[in-house]
Amino acid sequence: MNDIVDYSVVLSLLLFSIGILGVIVRRHPIVMFMAIELMLNAGNLLFIAFARHLAEVNGQIYALIMMAVAAAEVAVGLAIIVALYKYRAEVDVDAISAFKG
Amino acid sequence: MSYIHLAIVWPLVGASVNGLFGKWLPKKLASFIACFSVLLSFLASFLALVMYLMGIGALGPSGQYIYTLYSWINVSGFTSDFGFLVDPLSLLMANTVSFVSFLIHVYSIGYMEKDEGFTRYFTYLNLFVAMMMLLVTSENLVMMFVGWEGVGLCSYLLIGFWYRNKAPQRAGVKAFVVNRVGDFAFLLGIFLVYAIFDTVRFSELAKILGTQVSISPYLMTVIALLLFGGAVGKSAQFPLYVWLPDAMEGPTPVSALIHAATMVTAGVYLVARLNFLFTWSQFAMLIVAVIGAFTAIFSASMALVNNDIKRVLAYSTISQLGYMFLSAGLGAYPVAIFHLFSNAFMKALLFLSSGAVIHALNDELDMRRMGGLAKYMPKTYANYLIGAMAISGIPLLAGFFSKDAILYSAYTSTPLSFPSVGKILWIVGVLTAILTAYYMFRQIYLVFLTPPRFNPSLHPHDPPNVMLVPMWILSLGSVLVGYLGLPVLFTSILGVPNVLMPFLNRVLHSVTVTAHKVGEPISNKELVGEAIVTLVSVISALLGLFLAHYFYKLRYGITEKLKRIFKEPYLTLLNKYYVDEFYNGLFVVNGKRFADFLDAEVDRGVVDGFANFIAFFIGALGQLLRSLQTGLIRNYAWYICVGAIILIVLLFRGVIT
Amino acid sequence: MSLLEALTFFPLAILAVIGAVGMVVARNPVHSALFLILNFFALAGIFLTLLAPLLAVLQVIVYAGAIMVLFLYAVFFFIQPGQRFTLAYSLPAQALLGSLVIIVLFTLMLYTLYRGSLFSVPSIGAAESFKRGEIFPINAFGSVLFSRYLLPFELTSLLLLSAMIGAVVMTRAPRNKNILQKKGITTEAQGSKDE
Amino acid sequence: MTQIQTIHLGSFVFLSPLLILVACVLLLILLDAMKIGRSFKVQGTMSALSLLFALIALAVFFPFNPVQLFGGAVIYNGFTALINASLLLLLLLTIVISSPYLLKVKSEGFEYFPLIITSAIGMMLLPMTRELVSLIVSIEILSIPLYILSGYNRHIEESKEAGFKYFLLGAFSSSFLIFGAGLIYGSTGSIWLSDIALNLPLVEEKFLLLLGLAMLLVGLGFKLAIVPFHSWVPDVYQGAPSPVVGFMAGAVKLSVLSALLVVLFYGFGLISLYWKPIFIILAVLTMFLGNFGALHQMSLKRLLAYSSISHVGYIITGLVIPAPAISTAIIFYAISYAVAVLGIFALLSMWATEKSDDVYLDDIRGLSQKEPLVALMLAIFLMSLIGVPITAGFLAKLYLFYEVYRAGYVYLVIIAIINSIISVYYYFRVITAMYILPAAAPSNIEGDVNFAHAALNSANQSNPFSARARVRSQESAPLNLLVGYVCLLISVALGIAPRLILLLLNIYHI
Amino acid sequence: MLYQATIPILSILIFTPLIGALIMLFSATHSIKFHRFFSLTISIIAFLISVGILPFLKDLGTFNLEEIYTWLPQIGASYHLGIDGISLWLVLLTTFLFPITILYSFGSVHFREKEYYILLLITETALLGTFLALDLVLFFFFWEGVLIPMYLLIGIWGSGKRIYAAMKFVLFTVVGSLFMLVGIIGIFVYSNQFGPSTFDFVKLRNIPIPLELQTWLFLAFTLGFAIKVPTFPVHTWLPDAHTEAPTAGSVILAGVLLKMGAYGLLRFSVGLFPAAAIKFSPSLMALGVVGIIYAGIICAVQTDLKRLVAYSSIAHMGFIVLGIFSMNSIAQSGAVIQMVNHGLSTGALFLLVGMLYDRRHTREIAEFGGLAIPMPVFYNFFLVVMLSSIGLPALNGFIGEFLILLGAFQVNYYLAGVGTFGVILSAVYFLYNFRRVFHGECYSSENRLLKDLNLREILALAPIVLMIFLIGLYPRPFLKRTEPSINEVVMRVNRAGAILYLSPTERAQKEDVSKLINLNLTENLVK
């Protein structure tokens, strides 16, 4: 445990966990979404760290593609969130629970 | 003898015609069809008798002729044919049954004249005759059982003939159910017989049991007792006699035919028919004898105080049947059959006469509201008197001879393991004879001789000839049939042969348990013994007669005082020892309670409750799990995380182990 | 791990964690967004130390630059009179349960890392591997991307296309305004977002 | 240093179905942008035509021998071709019912068709990819249009909510997927399934690998709605437009399942010992939760959502058998399920209105009187879901359970059987509503339906926009009925004479 | 030896009602008369076909008129039909009862009639298929096919708590049948050891299955059949279903549906797993006996006439179970004939109760009394049918019960003895309630004005009563055709028993031998 890769992986795990925490505890849709972005970034960090570990470029390419994926998700996600919350007085995910049971 | 099946077919035809088209038939035609079919039945059986006596037709080795109509059940080794066994026993039975039936049919034309269910009545009656003939002529146990149940059914239908009233219906159900209890034993007996002997045919069974077979006496006892159980039910012996008094709710000719003359004697016939089987178990035979003796005196005691004219006769019937079992149990089967034979006439006569009385008094059954009828209905009185005298054992009438034979067989019998039992049974028989004479003449006095107590507006008179003629014929029979089976005492004195016993002895094999072998030449010592027995029975009959005379003629009215003095015994007797109440409490009430418990608690509660509980449990679980679906995204995300943890742990478990 | 690496990595890592934690705990979504931008920048730095300069640049441009701006833009949408940010947290129980799960998960993952091993055999494809500690030339990056990873690359275009259509669909002004008026909310100017 | 791989253009003809679809998407968008043919009918017809072309192309260029494309990133073989054909067929049927539906709900915009076709492209690619990044991108291509489509009825709040929930959880789960891919990359040194399989024996300590696999399974499990990653399903299925639900319930499962099979057998077949037990537990959980959840539902769509969860449960019992031959049973099951469920939603979408397209059990009361044919078809589809003979569902269950039993997991079969029994209750509730309950007076029959207190329990679930009025007799919806007929035909044909498809699936197992 | 029928007569028989149903389904006419008489005609045609088969049956120890077509080679299922002495009577019973119920229904079903007759015909097809299928999958096909039509028949045209009853019926049945499915899969998987896996009954019964596996498979099958029969303690669906079902439904349920279970027990539980059947025979006999006594007692206190008949049905089916698991020819022949008898007499009882219900709209015994006065014809029909149900000799009920008890007695004195007690109970509960319904003075004016049976109803009942007498008086033709098939079953049971009850070492040797024998056999199969 003294390689930078290892520390990067630990950091990535940490960020991933914090991201999950954000999704679970926050109630603002955009913040939740930000947390998800954080998780995606943790994944990217993983790819890049492993690319360094394996000394190959593939990991970086994966990270690049994942960035595109994230961007696409952001585009759609924000659109959905805006469409849903634009006319609501309260920006609260918990308010969106017409379906249950 | 192959015409014997016509004895069944004709009544069946009569029943079918009346049953299907009776609605459209005029009463006369219907009754003619019914009577004529029974007459044909009688003729068929009589023809068979004649042919048998003349030796026409090939007989089997044991003097039996077997005629198979068709194979009824035939499954892998088990065979029960629709077949007939023609031998002295069945011929005697068949002739008696069909003859008495015919007379009662004729009588019924008059008796049931005004009844709305006229054709229905004759349908059932014809059916009964068919079934009874089947019972007595069938060649195997199962076919016999068919007749056995068939007569039970007809008994049920005829007891409950007047279905508008509650009492007949209850009586009918009671009769059927109590009979079924006996049949339960009978069926088990049949099963056991088949299980052990692999056949249910009488002839084959006789053959098997005729040789020395190694069967445990215990098993034989069980078989015999089970079969006897059926007889107990049908012949109304203790403890299953309770249905017969109630069966008097039916029309009186029915009581005469079914519940006195024919059907109830089927039990005796069964025991006689299976004599070869009963012989194997002395214990079972002892039981038969003891139950017979006990029933005889037990029911005679109940007849002492009963006020219902028909019920007294019913108890009398039970008592007489007890006599028959007494002798059958002691191995004197021909004697039992002899008594059966004479009883058929006497009892039919008595019932028909009582029917005439009842008819005349507008369906009055209570003897306390009769009296003095001798003046109004002399012919009926004469008939009744003949019947009562015959059954009481007044010398030279039929009952005297047959009862004497029974008592003699008891007196002389020494069952191997219980030698003294014979004498005890004899004493019981004698006591019963006293009681019989008493209650019969009590009846005569109460109905015919005491001052009239019936509704003065009634004008009782003798019945029309259509009823009277059968009664006369039966009276004749009651007087004469005894001479067919004269005891040794008389045969030796008169030189007249005993025709019946040798005839029956062809199939009813002599039995080891009795010392007395009927029809054999006997020593003087035995002759003296017989004389003593005869004397005792004559004395006892006269004693009973005298007691009745004393209480109801000489000291008329003393009975009321006696009732007060012996209140408890009187009430006990009047209430028939509370046996009905006891049965009701033990079986009906508890049974109902148990059934309610099973229905409400066990079936709906436990069994169905269990199924419902599972359903409820699943439903509740469904509700519970539904509440996990909160509709909140963060909860869902949390589930995903938990799922991830579960997956990780599960995967690692694989690595670590 | 050289000292230089350590000196750059750990502060950046701490910054990244601060950014992440800050994003989660900040009540105001705008603050959250800013914290996240901090995190992205820190990550970009870490990418650099991991010898991925191209990704670092893209991280800054795409994530911190484009995506986060979008986020902020969306957040601003919601700033309306009477709108509350305070309701940003879940119930304590929820937070507790969430934290618990996260702790368990993180522990598990750390344990994994502790017990597990990274793949140490040199990569099989010669084309895309390079010497340890060396920055991969950008043109090689391109050629690998367009040869071996042509498929995901092409698929990305399809993905983005569909995302674009989706965004258009979701944010287009509804033709039927009745629903809105019933709710008593005035419509604002719409901006469709695409890449 | 770099070696540019040559791309054999010739082999790309095999991708022509996909390319036709892409072309169709682009064409539709362009036409829309140019304001040409802006009607659902035109768009729908064009999409349907292109789908037909794609189907023909698929048949013409059927890969009797596996085709390797993009340097092995895509392997197009008989198996995937069959999956693709099924998907195309499902999509075609969906598109047929979509235009009337969109008209009925007064939908805006014409992006529906490009989106759903894009999603289908993702689905078709998914089982072909042999590389995790392409796999992830395919999943995203599949998902993102579905997020949008779930919320496509923007004027219905429930639809938007469905879209939002689906999206947020979907994004959440794809981050797991990506993270998992990253971990697998780190622990095996590659994301190519063939390389992973090669390198597996070289991995000394498998913890990291398994962590990655777990994360990957979280992502795939989410798409498949395996418990505990199922929670989005009821909410999304209930809110999303009926044709979309009908499509995604079956098609997504079909596609993701085959991808899962490919990943597990080609990538991680060697460590099947590790992942096998997971599927036992997940299958049990999924079956039970799905069935229990459905017991008390009043909304038909929600009920079907839970039932779809339970069906996933049945399907993944097959995954305990680490033999590629199991794919026959699994795919047959998935196809039979997809057809039945699409048939149901095709019929349900008949009753959509501008206000709501949810259908409650109360709404379909007395349906057998008003529309006997529709009721009959619905009943037969439900029978297929239960697994009653003469429908495909029965043979599918029989085949699947047979495989599981043969592999020695008798207890799993018994658990599945118990679940089938539970499921009978709620499917029969639907039949009860259609056939037995009178159309009039609501709710007081409940005591009647109530089997041992498991009441319908509709007290807290009432439809705000009661659709009772919507279920009108003689409502003309020929296209929906047509699709219903086709699904019925397929369902029954597969139930009585599935020889051909079983033969094909057997030959072209994964 | 396979005898391929030139005309697929069994298929024609099975699918005639279905085709009729389809024609009705797609017929445009709304004329109720058409649907009534068309369905009646179809069912009569089916009956005629089934009767027409009789002369073509040769040696009933094997299957006659077999039809084999490969159906699903991948799954191993084939389309295999055949008829033997066991199924013959059940088929005839089915085709016999359907015209009667349809004829009866003319007067008692007054809404949704088209659907009603369609469902009846579909049920008939499924029932016929169940009795004739010799392939387990095909059997299961038809077996489950009964479920939905029956559910709808009970649910739509039933009374009172009909939905509860229908749901209960379905859930109970499904529990059983799905466990049976596990069993089917199990034997299929096992059969793989002897050549290609097969669902074919004729092939399967020749493969030796180790006792332990037999035990489990037997239990799975038997559970399914026992629920359908139904045996105590899984009988509770029956009173509800029978009581709430429309009359025709009850007739079909009691008359034929229950026979599916009994038939399954005899054909599959015993036929496929003889050793396990021997092992469990005492317990199952005991269950049968418990059913006889338990249901008999409960009958006595029923207040609902239909419920009474329903419980009596449980008792009668108890006899059948007792007979089947007595494992000898006598009892099993009795069981088969008892199936027919029960179908006739209980079916007729339900018809009669239904006729009463149509007039009076209640089934509470307490509401009746003295019905013999206004309805003499009805009274007489009821009497005969009831007596047949009680098991009066010379009527059909006796033959079955007697043979069953006789056979059972050869095996187990005590159980048979207790079972015989049922004859008392049946007399008690039937006569007691018969009296309450028919006898006494007819006080209530509603009862007094009841109309007697009309010609249609008499026509519906008369054939049953005729059969009741015919079987009772001359059961030979029935028993004769059943016997070879039963002997075949018993022969297999005995062979299995011979292996089962040897000492362990002997058994091991024997099993080796039998394996050798069966290896040869499988080789033959492969060829």
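Letters A, B, C, D and E mark the chains as written, and numbering starts fresh at 1 in each.
The working rule: a contact is a pair of C-beta atoms (placed from the backbone, for glycine too) under 8 Å apart; a residue touches a chain by one contact, two chains touch by 3 or more.
Note that the coordinates shown come from a computational prediction; the quantities given were computed from them, not determined experimentally.
K.L.:
Just grab the chain with the largest centre-to-centre distance to chain D, centres being mean Cα coordinates.
P.N.:
The chain lying farthest from chain D is B.
K.L.:
What chain is most central when centres are computed from CA atoms?
P.N.:
Nearest to the common C-alpha centre lies chain E.
K.L.:
Which two chains have the most C-beta pairs in contact?
P.N.:
That would be the chain pair A-C.
K.L.:
If we define chain centres by averaging CA atoms, which chain lands farthest from chain A? Would you check?
P.N.:
Between chain A and the rest, the longest centre separation is with B.
K.L.:
Could you grab the centroid distance between chain C and chain E? Build each centroid from C-alpha atoms only and quote it in angstrom.
P.N.:
Comparing mean C-alpha positions, chain E is 68 Å from chain C.
K.L.:
Where the CA atoms of chain B average out and where those of chain D average out, how many Å apart are those spots?
P.N.:
Taking the mean C-alpha position of each chain, the two centres sit 78 Å apart.
K.L.:
Between chain A and chain C, what is the gap in Å from one C-alpha centre to the other?
P.N.:
Chain centroid spacing, chain A to chain C, equals 5 Å.
K.L.:
From the mean C-alpha coordinate of chain A to that of chain D, what's the distance rounded to whole Å?
P.N.:
26
K.L.:
Where in chain E do residues touch two or more of the other chains?
P.N.:
Counting only residues that touch two or more other chains, chain E contributes 168, 171.
K.L.:
Pull out every residue in chain B that's touching 2 or more other chains.
P.N.:
611, 615, 626, 629, 631, 633-635, 637-638, 641-642, 644, 648, 652
K.L.:
Going through chain A residue by residue, note those that touch at least 2 other chains and give them in order.
P.N.:
Only 9, 16, 19-20, 23-27, 32-33, 44, 49-50, 53-54, 58, 61, 65, 69, 72-73, 76, 80-81, 83, 93-94, 96, 98-101 qualify.
K.L.:
Can the chain contact pattern be summarised as a line, a ring, a star, a complete graph, or none of these (other)?
P.N.:
other
K.L.:
Could you list each pair of chains that touch, in label order?
P.N.:
Here the touching pairs of chains are A-B, A-C, A-D, B-C, B-D, B-E, C-D, D-E.
K.L.:
Which of the residues in chain A end up touching chain C in this complex?
P.N.:
Result: residues 1-11, 13-22, 24-28, 30-31, 33-35, 37-38, 41, 44-45, 48-58, 60-61, 63-65, 67-76, 78-83, 85-87, 89-92, 94 of chain A touch chain C.
K.L.:
Could you pull out which chain E residues touch chain D in their complex?
P.N.:
Contacts found on chain E: 71-75, 112, 115, 137, 140-142, 144-145, 147-148, 151-152, 155-156, 161-164, 166-168, 170-171, 174-175, 178-179, 181-182, 185-186, 188-189, 192.
K.L.:
Please give the residue numbers of chain B that touch chain D in the complex, ascending.
P.N.:
Residue positions touching the partner: 611-613, 615-616, 618-623, 625-626, 628-629, 631, 633, 635-637, 639-640, 642-644, 646-648, 650-655.
K.L.:
Looking at the complex, which residues from chain D come into contact with chain E?
P.N.:
These residues of chain D touch chain E: 328, 368-369, 372, 379, 383, 388-390, 394-395, 398-399, 401-402, 405-406, 410, 413-414, 417, 420-421, 424-425, 428, 431-432, 435-437, 445, 448-451, 497-499, 502-503, 506.
K.L.:
Please name which positions on chain D make contact with chain C in the complex.
P.N.:
Touch residues, chain D against chain C: 1-5, 7, 22, 25, 29, 69-71, 73-74, 106, 108-109, 111, 114-115, 118-119, 121-122, 125, 129, 131, 133-134, 137-138, 140-141, 144-145, 147-148, 151-152, 154-155, 163, 186-190, 195, 198-199, 202-211.
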